[in-house]
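In what follows, chain A forms one complex with chain B and a second complex with chain C.
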Partner chain A sequence: MGELAVEKHTEYILSIEKRKDDFESLVMEHLRLSGAYWGLTALDLMHKIGSVKPDDVVTWIMSCQDKESGGFGGNVGHDPHVLYTLSAVQVLAILDRLDALDVEKVSDYVAGLQNEDGSFSGDMWGEIDTRFSYVAICCLSLLHRLRKINVEKAVDFIVSCKNLDGGFGCIPGGESHAGQIFCCVGALAITGSLHHIDRDLLGWWLCERQCKDGGLNGRPEKLTDVCYSWWVLSSLIIIDRVHWIDKDKLSKFILNCQDLEKGGISDRPDNAVDVFHTYFGVAGLSLMEYPGLKTIDPAYALPVDVVNRIFFQK
Partner chain B sequence: MEEGDDLLLQLEQILENDEQLDEIGFIHPTQFATLDTNSDSHSLQFNTHFFWNKDHKLAISFEVLSPLYRAAVQKHSCARRNYKPIVRSCSKEGSEEFLASEIDLLRHSKALVVLSPNFPTAWNSRKLILSNHHDLTLFLNELQLSTLILSYSPKSECAWSHRRWIIKLIAERFQNLEAIIRNESELVKKICEKFKMNYRAWNHWCWLVSYMTTQQVLDELSKLRKWAELHVADNSCFHFRRRLLVRVLQNSSTGKAKDASFNEESHTCSFLEGELEWNELLIRRYVGREALWMHRRFLSHCWINKFANDSKLNMFLDREMQLVKTCLVSSPDEFNDILVQAYLAAAYFLWLSKAAPQIRYEIHGRSREAGDVTSLLVKISPEKTLFWQSMGI
Partner chain C sequence: MPSSSYSSDEEVEELPYVPFSQRPEWSDVRPVPQDDGPHPVVPIAYTEEFRDVMDYFRAVYVARELSPRALCLTTEALKRNPGNYTIWHFRRLVIEALNSDLIEEKLFVDKLAEGNFKNYQIWHHKRWLAEKLGPEASEDEHDFTRLMLCRDAKNYHAWSHRQWVLQKLGGWEKELDFCNELLKEDIFNNSAWNQRYFVITKSPLLGGLSAMRDSEVDYTINAILQNPNNESPWRYLQGLYKGTPDSFIIDERVPRICLQVLKEYSFCTFAWNLLLDVLCKGLKPTKEIEEAVKGLTESDESGSSDHNLVTRICSALERMDPIRVNYWSWRKSNVSINC
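Moving on, here comes the complex of A and B:
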């Protein structure tokens, strides 16, 4: 098992950009901007952000913007969507290059996606999901433009997606899912609305996600997966119930999912690695204050120093 | 090897020609040898080393996926560029140029979503075109395309979301959704049969509940019972039942139900009782299933909220205590399933005491009957020791 293989993971993340020919990589092209966020945040948490050239990244990111709407697509020439707009803002924040953005234009795009009932559509086609509520709120908060939306209604919609088990789903009546819970708890934290949460009840559901192998699952009866180290753990931290699970066992589970030869972290021990799980593994360890890693903010999903730079150095 | 453009043309012709196509698979070149080559006498010319099409099934060789994908991306983005300006400049939508650009974009976007089901921009191109049409057949064909893609990519978020977009359009323009809801419910069941606890599929079904009539909700509840009995570990299926039950309970409390069969308190009570009894039967039959106990928490919660001040409360709690006690074992050396059952029963008891503060006193009075559940929970699941201790009675 051993320690976190920082050098190997750095090499792995940097190598992803070079492998582009196989079909598996090609069909991921449409979400490259999110891939950039996962990779670069992991690098930054490991103090390795210096291994990329910020100018190249910024130029590429800006070429993913749809000039008309102001939103960002997942790659050059793709339609804009709020998910990739947040990824763009987060990456620029990490690189301390938010000045590259036309903040009014981008925030108008995001704010324009709010619906009458307070919910958010992902793009102009109208699919609604609490994920988009989080993404929009997080994005606008990072741009200091939360005032452009009706925060009260946005909160009401999120609260309407709460289930009797204390968790949250995609839409009112949707099944509780750790990923959706993170989104709802994160959005409520950013908007200062955590009083809508029954911390003991939600904490109960969340801590029941820890399984015998130390890992966390995302729903009852599911297998453990490294990505829930982020979704569950960050939510537990935000609602101040993280002491209810065994952090040592969880750290061991994540470290066991490393590919110590080629670098990268997988969903479960001995599976194939990918950048998504590499990020969530590193982020999970950072939440548990693993030595040598930067601390990550559980609501903004960015290193704490980046968040501080945005909110305290104005 | 043939050029990507040629291959793409062949693929697009197959997709156009076989309107009833219901399954697609990407397979290894060596697997082509095992496929039945006595194919129907095709009028189509395609390279049988890379494509196979029979009985409305299509196989594509792994070998050509990358060139096919690249060609599809390139052709789609050209078609998209050509389409937009025409829409803007053309007042007469029927013009030949316009129709040609539409057909072009539909053809290339279809090939692209077949090859890469989560390519959002290609799905959007189709929405762009469809939103200018008022033809129900066209919308139904689009649902069929999404079904085809879900047959091999059951978690494709874009394919599910595209379905919802189409259904919303049909609801706005043609209203009657009864037949559609029936089809959707069959589709979700079929997909969930093959791929367990598919969040996207069940979420789609939850989304549809708001379009259902009360009678449909009741029908779904009764039809789903058999399915649930065969899939007792499928938490999503039980969640969906809860979604339906909430609809029924809401209707009964607001008196919305027009069929009048569930607008009485006594009916609500017997409805919940029926579900509780059925759930208990399953808990006893299928030992150690978390999904079943989660469902019980929900049912008890509803029951207590409705009837906590009722004379029935003591009877209810006696039965719950009986169930918990028979499931508890004190020795952690028992077989795994039995141990898990004891763990779930103990957690359920603790949950009852916390989740319904109005009955805390009654639960407290019974805690001796259950024994030291906190110690049992700590013993079986030590990783949550602090949690059990802070929740303990």
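Moving on, here comes the complex of A and C:
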């Protein structure tokens, strides 16, 4: 097993930006803004953010904004959605260019997605999911505009999605899933509401996700996948139970999923790489304080120095 | 009118692809390419088709053309990229503007969902449609999710949709039977266990958790005995006592199933964990429990100083589940506080 191939992964991420004609980039077109977040965050964690030109990125991001609503689409000309609005805010935060935003306009868009019961819709079509609660809360917090929503009701909705195993689902009654758990735990952390979590019960469920191969799965009896290195690990850190898993085994699992020739990280050893898993692999290693990486904040999913810049340098 | 677009659309699929620039009904439209610079590389045929459709989609999207041919165009575009949420949004606007036949739309989206059943946009579109169709759609929707769950019994989207339909449109009558059926097929299916809990706690027909607890405990114990190394029923069993810690401690079936399993499978961490929980919650160990635990942990005993039953169990778990050794040590360190 090798070490983290920083140079190779940097090359791989930069190459995606240049490809515009293959099938993968065409089907990714509508979520390019999230792709930019995954790629650029991974680069920043590896101290390689200097290899992109911030002005070009900022110009492109701002052209993804829907001027009427204030929300961002996944690419130029796409409808606004809360998911891509957070990606836009996160990328601008990494580049230290939040000043490019009309903060009131963007935060009004996000706050306007809250429903009567405290939940959030993803966009004007009204799909509800605790993912959107996290995304909205994280976004508004980064913009210092949490006061624009009813935080208490938002928290109540998330708590109503808690299950008998201590985990959370996407709506009340939905099965616990590590991805949803990250969203709910992250949102509760940002709003200072972690007392609603049974840390020991949830911590045990989360550490049971580690399988013999060292990797983590997202639900009982499912396959391990590098992306859960982020979802499970960040949740365990937030509830202060990360020492309940075997970190060495997990690091080895992630490192075994690298493509050492072409760069990039895949979901499981020997599978095809993509930017999504490359980000989650690097972020997972960062959570485990892998040498040479920046540390990532488990709730905001941004490098800690970026988060500090936003909250402590006012 | 719009409904006819589907039949013609089906034919399009059979025929070789005709670029939009060569279709007379589109001669008045100027395609709008994606705004990200030139495309220098020679693309493969499939992406050429893809781009052609998208360039015309952008044109009708920008013009907000809510017409039958625009509906037809979104059909072609979605077949090629069902994840593109902007196309779905636009399609809903067209359907609303044209007052299109919703049953036809249901056939379209169901067909598309069959090949893309992990796609958020499709499931959201289905929900939007079902809400418009109302309670009479519930049976069809349940049939559809059943079909999807037969192929992938843990599909998160299908389960969410099913729960939403139950709560919004009804159809609870056969839901517990459906859980039985899926669990009979795969007793490890955590999604089906979750659905079971959803049904017994939320169905308006069953009387809620307190009315169901007794029979559910029996069902779960039976499931555990089929394969004790199954995380889901152990957690489910404990969930049945939610809000009533006294009945958890009083119910003799709880320690009994633990011991019964451990006598045969002494490495079953879930059985050990449940026994640990019930002892920590206040169950006074009977002589039988005490002797059984001592007997089962004796063989690999290293520190003989573990007089406390709970400490002894934790030490045994530290050895048999090394990947989570810190969790079990933490449980042990709590003994003096909680037990």
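List of remarks:
Definition applied: the second predicted complex is superposed on the first by the 314 of 314 C-alpha atoms of A that agree within 3 Å, B and C clash if a C-alpha of one lies under 4 Å from a C-alpha of the other, contacts with A are read in each partner's own complex, and residues count from 1 in each chain.
Throughout what follows, a contact is a pair of C-beta atoms (placed from the backbone, for glycine too) under 8 Å apart; a residue touches a chain by one contact, two chains touch by 3 or more.
As the structure is a prediction and not an experimental result, all values here were calculated from the model.
After superposition on chain A, the partners chain B and chain C are seen to clash.
In the superposed model, A:125 lies in contact with both chain B and chain C. Legend: residue contacts after superposition of the two complexes on their common chain; A:76 is shown touching chain C, with no touch to chain B. When the shared chain is aligned, no partner comes close enough to touch A:14: not chain B, not chain C.
By the document's definition of touching, neither partner reaches A:57: not chain B, not chain C.
Comparing the two interfaces of chain A, the one with chain B and the one with chain C have residues 21-23, 26-27, 30-31, 73-74, 77-79, 81, 123, 125-127, 163-165, 169-171, 173-177, 203-204, 207-208, 210, 219-222, 243-246, 249 in common.
Those residues of chain C that touch chain A in the complex are listed here as 34-37, 39-41, 43-44, 46-47, 50-51, 54, 58, 61-62, 81, 83-86, 89, 92, 120, 124, 127-128, 154, 156, 159-160, 163-164, 167, 188-191, 194-195, 197-198, 202, 231-232, 235-236, 238-239, 242, 273, 322-324, 326-327, 330. Interface residues of chain A facing chain B in the complex, by the touch rule stated above, are 21-23, 26-27, 30-31, 73-74, 77-79, 81, 123, 125-127, 163-165, 169-171, 173-177, 200-201, 203-204, 207-208, 210, 214, 219-222, 241, 243-246, 249. Remark: chain B residues 62, 65-66, 69-70, 77, 115-116, 118-121, 124, 127, 161, 164-165, 168, 197, 199, 202-203, 206-207, 209-210, 233-236, 239-240, 242-243, 246, 289-291, 294, 297-298, 301-302, 347, 351, 354-355, 382-384, 386-387, 390-391 touch chain A in the complex.
Chain A makes touch with chain C in their complex at residues 20-23, 26-27, 29-31, 63, 73-79, 81, 123-127, 163-165, 169-171, 173-177, 203-205, 207-208, 210, 212, 219-222, 243-246, 249.
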